[in-house]
Amino acid sequence: MTTTEILEILKEKFSVEQFEIQSNIGGEILIVPSNVLLDLCFFLRDDERLAFDSLMNLSGVDLADGEKKKLEDGSFEIVGGHLATYYHLHSFKHNHKLTLKVLLPRENPVVPSVERVWRSADWHEREAYDLFGIVFEGHHNLKRILLPDDWDGYPLRKDYKVQEFYQGMKVPY
Amino acid sequence: MGILDKEFTESNIIITKFDDLMNWARLSSLWQMTFGLACCAIEMMATSASHYDFDRFGVIPRPSPRQADIIIISGTVTLKMALRIKRLYEQMPEPKYVISMGSCATCGGPYWNHGYHVLKGIDRVIPVDVYVPGCPPRPEALLEGLLKLQEKIRNESHVKKQV
Amino acid sequence: MAELKTDHLVLNMGPQHPSTHGVLRLEVVLDGEVVIDVIPHIGYLHRCFEKHCEAMTYPMVIPYTDRMDYLASMYMNFGYVEAVEKLMNIEIPERVKYIRVIMGELQRIASHLVAIGTFGIDIGAFTPFLYCFRDRERILDLFEMTCGARLLYNYMWIGGLSHDLPPMFIPELKSFLKDFRKNIKELNDLLSYNKIFIERTANIGILPADTAINYGCTGPVLRGSGVNWDLRKNDPYSIYDRFDFEVCVGKGEIGTVGDCWNRYMVRVREMEQSCLIIEQAIEQLPEGDVTSAIPKRVKPPVGEIYFRVESPKGELGYHIISDGTVNPFRVKVRAPSFVNLQILPVISKGYLVADIIANLGSLDIVLGEIDR
Amino acid sequence: MISDQLAEILGNKIIAYLITAAIPLFLFLVPYALYAVYAERKVSAFMQDRIGPNRVGPKGLLQTIADILKLIQKEDIIPKSADKPIFVMAPYVVFMGTFAAFAAIPFSSVFIGSNINLGVFYIMAVSSFSVIGILMAGWAGNNKYSLYGAMRSVAQIVSYEVPALLAIVSAVMVIGTLNLNEISEMQTARFWNWWIFGGPLQGIQKFLLIVPMLVAFVIFFVASLAEVNRTPFDIPEAESELVAGFHTEYTGMKFAIFFLAEYGNMFVVSAISTAIFFGGWQSPFGYLGNSFSIPLLVPIEQVFWFLFKSLSLVLVQMWLRWTLPRLRVDQLMAVCWKYLTPYAFVNLVLIGIISLI
């Protein structure tokens, strides 16, 4: 089932104007607003025709489309623009795929957690929180997962600056 | 003394100086702590396995740090792990030795530049006796490292002050 | 008489523990020997792979993919280069495709051998581990013959391979396959059908199929639960559709479908299937140049791709975003072990301490891939 | 005996006793344990396609000596939070149980530490002493793994003592004595007089006894494996679960003493099996000393045969260790209470009936 066909089915329940299809080399991407994400995901999972029973991947991305501000020490900071989360869905039943993309404002990246829909989102979301600082609302245990709890900053953001010391150990070479 | 010394080194007499005996005991029975970090740990396991057989040199794995003599830091040390390694090292009884296996443990390896969470060299946390280069070192290289460590122990002394 | 107050005991397993397969830390809440809860703590091997990708050019990322799942480096290469080739739309020579499959399947056998051997150690049988490593050593010899490295190969390049097969490779491979079949039988006699081994693993850590799917499990963990799903068959990539092989699923002839024994047995059977694939690939192997399609400059157009392959641990996905420069804008790896490990608390609750170890062994995790 | 003669020479009974007590330790137990460890490593190497220790001394023969010399040199750590007196005492208590058991083991018709009438009973009683030591070690280390190991170990040893004793009692019922030397003496002449083949009895009784005696031996052997914490019953020190079990916190010599006790225990249980079921120090084919009429040779031959049989059983224990996986703790208890103990009881009744015939 292609993304356009899926959008046809989604018409029944959602106002489709808020969705946008982005064409792309590796398959089309459906851009959705974050406020309908949870309902949409429940629908995608539970509707018999779609039956997206598994979340294969969840990536956080720093789009870095904001304004770059040079700081005094040569590094830069990004103001404005977006972070994004990608949801790669897959249906074991019908063997079709769908990619969702949610754009989030960089200053306040909050997105509803889909952990209740697919349990596999649990650690993926924690990882995105850990590395990008994206807050997943409704997640039962949103803590850092890869880095230690007392780590500063979100490393995978494009403007991340490495801290000098961690617990007395020098971090840069 | 000189004559006697020669007598002992050249002939196959087991009676030898106290130091030599003690050093011989230590270098022949280096019990290794079952402890692996990353890719190098697999090569370390391969070294203990049938093909290379660490046991030939008297190296047997001990799961508890209390009963181990050497700790082989095999793999990338992250900042989160470094403090744990330090504690493990401190739990080992003296005399204890450290082999830093692979370039990650030695200096951060391929992660030296952008690895924000990688400790650039285990020697920043605990003292290292032998560095084994490679990414990962072949089992032969680890064996060579062990032989080098044995050489080092052979020259230690209980009585003489070390420089 | 006032009732006796009891408290739960919190046992900290790892990061240094003989059977956490690396630097995993488990926080185990116990009531006597019975497990109330298991909380995995990961990140002790977080080597910042994704940050490195953003700083490197596309070909420079390949060695870092090696170091993720260090037990299945070839497959890590495989997934990455195929993904970039898809993104750049490169058509690669036939010979390269076949060699990649042969290497990939050999790597699958090697990875499963480690999984089986360490699972044996977890259960308490030390000897099968050494037998597995003995066989694995022969596979490593084959790899070494081809590209000079034992563990981390950097063998598959974007558009081709670093070296062609050496002349002695095919005969050596054939003799290995011949011996290996016998060794699988020996392994079955020694471990798989051992009464104690069955007692320890059958009906332990039962994972129902729907839970497995909801938790995103893939690979032998999912197939052990009886779900017939293998990307090589169901969503064929490369040239896997040209080979005739069977997808092994847990059948539950001993124990229940989805228990440790079935997960284990899927791996044993998959090794036999891999042998079959390799044999077919050797027969069809065409002549040709393996470096002809390697691009001078790897600079994919703007776009993104989520490409997945069936690595020995499960579905390995590369989500690559390109902004048109020589550096990837973002590479996210969907590591199979990362997702599979999430299931551990679910399947361990209510069992005993020893069963956590069995469950963990049957999941076959690699920390390099989990923490990246 | 030896101690009386020593007392005459030294003029002090206590010193004489102490010296006599130390003789088996240095003459037999320590060398045996050292070479048992070496053998274990070689056996495992042989089974695993390896070579095993071969660098230290010819064929690696000095390996374990180096080990013990190294262990002496190691720093003796007592954890800060440990219960110090108990922590220090525990290894010696464990070792004491093993060591004391050696007193009643009949190495030959003349060389036996103490030829007491309650030999079997004494060994079984004294060797269960080690349970206390293990519990002490587990508790005092103040480590959760140690405590788990100790608790499992205690549960295991106490449980398995029941089938082990039942198996022995059933054998002793026919034998009619608890004196190990007498038991060995009974099974004289040829190997068909061993109790495992029905003993020196005559007629139908002997043939009826063969199967129950075999069963008794198997039950005893399995139970004794559990008592000495060997695979498949090595859960108290299960490496993959409990790091090193009850001795996780022990270093250097204290750890070595645990090791010594473990290998000593392996020998003790094998020695009991040998003495009761396999003819003790009796030669299976008659003595060379008798045929060449050199009476002095006979005791030496007896020692040889006794050690040969016991060490073979020790080898079997090693062989099992490197072949079998390990049972889980609840399965272990199930094996004991659901299978071994009832079978042992049935066997006891059977042997009782047979002995009435």
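Going by the order they are written in, the chains are A, B, C and D; count residues from 1 in each one.
One rule holds in what follows: a contact is a pair of C-beta atoms (placed from the backbone, for glycine too) under 8 Å apart; a residue touches a chain by one contact, two chains touch by 3 or more.
What you see is a predicted model, and the numbers here were worked out from it, not measured in a lab.
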Most remote chain, CA-based centroid, reference being subunit C: D
Distance-to-centre winner among chains (Cα means, whole assembly as reference): C
Distance between the centres, which are taken as Cα means, of subunit C and subunit A, whole angstrom: 26
Inter-centroid spacing, subunit D versus subunit A (mean Cα positions, whole Å): 63
Cα-centroid distance, subunit B relative to subunit C, in whole angstrom: 30
Interchain centroid distance [CA atoms averaged], subunit A/subunit B, Å: 45
Residues of subunit A touching at least two other chains: 146-148, 155
Sequence positions of subunit C contacting 2 or more other chains: 17-18, 43, 46, 48, 51, 130-131, 134, 371
Touching two or more other chains - residue numbers and ranges from subunit D: 48-50, 239, 243
Which pairs of chains touch, using the document's own definition: A-B, A-C, B-C, B-D, C-D
Partner subunit D, residues of subunit C touching it in the complex: 9, 11-12, 17-19, 33, 120-127, 130-131, 134, 190-191, 194, 196-197, 199-200, 352-355, 357
Contact set on subunit B toward subunit D in their complex: 21-22, 24-26, 28-29, 34, 50, 53, 55-58, 60, 62-64, 66-67, 69, 91, 93-95
For the subunit D and subunit C complex, residues of the former touching the latter: 44, 47-50, 144-145, 148, 231-232, 234-235, 238-241, 243, 322-331
Touching residues (chain side subunit A, partner subunit B) in the complex: 146-148, 155, 160, 162, 166-167, 169-173
Sites on subunit C touched by subunit B in the complex: 15-18, 22-23, 43-48, 51-52, 55, 63-64, 67, 70-71, 114, 129-131, 133-134, 136-137, 140, 150-152, 367-368, 371
